[in-house]
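Single-structure report; data block below.
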């Protein structure tokens, strides 16, 4: 009789590399990647610190001294406007350097950040202000707040866990600022925010977001409104041709310059991923609403509705969808091996009427995200079974397949310190159904 | 000073074998067996796959296409009737072979099992039906559902986790089918079902079920109704003689053939345990009800009430108690090192009036199981203490003592791969108080 | 690129010693001491068994046969009065020696302790009473209840986990009995009890209790009522001088004998720590109430209000504050790496009117402990961050700093078996602000 060893030991580095090396390209991950707290602990130590994430909209800290408490992975941070310049936003770990207490327990406004425990106070720029009680042998200059790398990009605030490990964010700003401004993100205000705590590993949440193959069975509203699902949810040459005609019709209306706008950087350990693409929502639709009719005023100085949607990817875990009159921001926040917070924020123009219909603005992505939460939790339940085996991604799931490849290559490099022999490249889906837009927001392709 | 090593490491194979080898026969288990998640993980990997369990009554899938979602150990399975034959019942892990989603989220009826995520569909016999999106390099024949070994036995559906590891179930069917049919289980319908989630290790739940020494202090209703507790709850020669007289009186009424019915297989790693025995409920009692009077119509074509109870054991973790007019099924489902679901299902004849008194039917085993849940949770609390030491089983607890011996021998063999030198045999309790029925349902002895 | 090893393995002995050895005196602990379940497991095995804790007031078991169920660290114990003598109190683990069930599920009164499972019964002195079912090969004398070391000290019941490991408690009784009696604790009754389950490691709870530096920002009521916070919450030579004058004024009123009362034993692995000190509450205040006016009758035969507070330390985790007319007992009960139960019990004289105003009696310490719970939970949240680093204790936090040093030295000795080279001594805070009382209750200094 075979005597398997008890498997109650946490996974170690060699086992992890073994799991990575036996992965078959084009197939979903082995179970431990979706469920094992030990792998989440490794991601927390090695992979999360490499990522930039969207943490706030700049309108949340409108003037000097305003601060907000937000979540960055498993960490609570304080985002604060420390000066009068547009980009004068800093962020700190919400940890007092005295005995480690949380410094701010809620959003507020102040000239100093004062700890509620022993009243140690810090300047908006992070330095310790109150120094009278410090022992003489201790350098108060070393007791400033722990800084969180922070970048303002056209109204959005991006943060990362570790200055020393995170890639340069400037290329993201260079590539996307103009597009974000054209969609009015820098001159917006928050209309609504909703959190969807999802009982699933963050990679299941992300894979779900990266493909629209499930849109027909799982998202009747999204399927009805969005023309692109003709090619992202079904392999059908007739529908692909029809979508191509719609794209061309839109092209002729908006012109070459608008049509060609896009950006695409797949990213890696040393390069922040980003992307931008444009596409028409669907025939006769001005915006991403139930009726297709406007739900707020035009954003970004746009002269008229053109019926397009601009999708942005900001790092691995943050996205934005811009209709002509409202914007949806998406944050995916890993909380544990089996919990991910998904937060959606809806923006409108800062001068939009106060009587805008919030329900009409949030409808499309709220109904879709509620469905995705349920789908993804059912996915997590099934993946936890001893019967789960990696399954094949179809051609309509090329983006999750690419993500999984990239993720494994990065994890291997982080754990072993070895550079990968060759970096896999995302391949455009094969001809016939996806020479055009091939996936749900955000698109990885440069053309739209 | 002695310096004990920190004990925060999970138990390993050698430690487990050491724990097993220091067990004293006749004494309860060491603490880790009742509390340690690492031992539960080993049981999950090695011991649970060896067991057949009751998962449903066949009336729950009455016609082709009906499927139900049920629990098998820590796994969710789909039980489905795939054809028109009585035994045409199959079961699958509730895991889609595409990306691992739960396939069925509730009971239903369909010609195909369709995944709610990407609409992959499977035939009732498990093969993948929808194949159009599968990559060309992938064999769709390899993407059928993961089968769960399933056996129909006279109205009951038994399942196991792993075809390769579970013993042959045919001897169980051969031994028990006739008895189950005589009690009408194959022609029954469900009158009630109730779940008793119990915050205790499954072995504490089972040990409680296997002895009636606790019936006098803990089960006043059960003690009052059941005559056999005279010998199973108290060591008293006078009471034993009185019980013997009652047995003999019942014998003279029901005749030799009825009295001698029984079966007994202690079971092991390669043999599924089972058992059947009969005994009288108590003087003047027709059925297991508060008053002793009928609570439904006679089952199994029985011509008249004979006041007996037939007890069945189906594997290690499933039992049935058959009074003349209703049946109680017992499922014990280990969920974690400290959680066990106990599910009771009450059956009546399929043609029983719709106005049967469900409360009268469920009374005896509901009141008893509610008490056992409390007792067992208190047992679990005490066993978790650093002061807990194995204690001696008394003569009235010979069945839990035997179970513990068998369990340890099996675990040792599973972990080491070594055949045990000698297999312990359950000994009949010593003379004087238990030459007859010595324990609460189900009885391990052949005679009744 | 550096490739850090995955850190998902539990901490081992060498890592723990490494953490201890890199501690800088005067700085708070490394994160794992405040958060890691593996370190809690080591404390549970090695450090907790060295500690005496307050578990009850003797009035809770007023006569022979009365028993109560209480918490001692992570264990449930039964405290029982087994005889008519004042000190005839014993305690047992709440574990039946038969199959390990909890023996008592609530407080009660009985001549025997009877297990609800199988009705095994035990004498109040712990021996097994019911022996008829015991197998002949088993010695019933070996089946008595597991004793918990217990000591009656002037109305208080102290217990410890392990007779073999706990230091002698007699010096505590010798040093404190007279003081406890003078404050009427031996002739008291319970007026109120309240539990404050705190989501924080027990060391954070204790550090909070051991300093008053936080009293000004965090405890406005406590700060207003208690004169000593002039020197324990602020470094201010003028306030220190003012406090010195108040002390001297009180001295002249109460006389040399009263003023000099005190005791101080810092304790260690082989010596139970204890302490006693006295101080005035504040100008014009008779007791520790909102108005400063009496809230019950005088205790301990005291002839008149003298406006003092006597503080006691009983081991590491138990304290008492005695105003002239009521007493507050403090129990800190570690429950897990991140949970601590804090229980406060308010005593009044046993002959106090039944219409005493309980809200007035509990006011000071209830409002303060509710605040401390919030503060300490925020501290635990911050300490769990990857940005947390040990911070410097200020001169006003000399007691937590001393505790941390002592704790680490003891843990090192327990884990390695090596005697520490030199035992650190608590140093009086430096001159100028704390030649007198330097900390919130209880004071480590001998003089008051």
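Per-chain numbering from 1; labels A, B and C assigned in written order.
As a working rule, a contact is a pair of C-beta atoms (placed from the backbone, for glycine too) under 8 Å apart; a residue touches a chain by one contact, two chains touch by 3 or more.
This one's a predicted model, so the numbers in the text were calculated from it and none came from an experiment.
Of all residue numbers used at the contact between chain A and chain C, under half are used by both chains, marking a mostly different-residue interface.
When the CA atoms of chain A are superposed on chain B, the rotation angle comes to 120 degrees (nearest 5).
Averaged Cα coordinates give chain A a centre that lies 48 Å from the centre of chain C.
In chain A, the positions touching at least two other chains are 10.
For chain C in complex with chain A, the residues that touch the partner chain are 1-10, 26, 28, 34, 207, 213-214, 216-218, 235, 375, 378-379, 381-383, 385-389, 391-396. Taken together, the chain C residues at the contact with chain B in this complex read 10-13, 16, 37-38, 41-42, 45-46, 75-76, 93-103, 105, 114-119, 132-135, 137-138, 143, 146, 161, 413-417.
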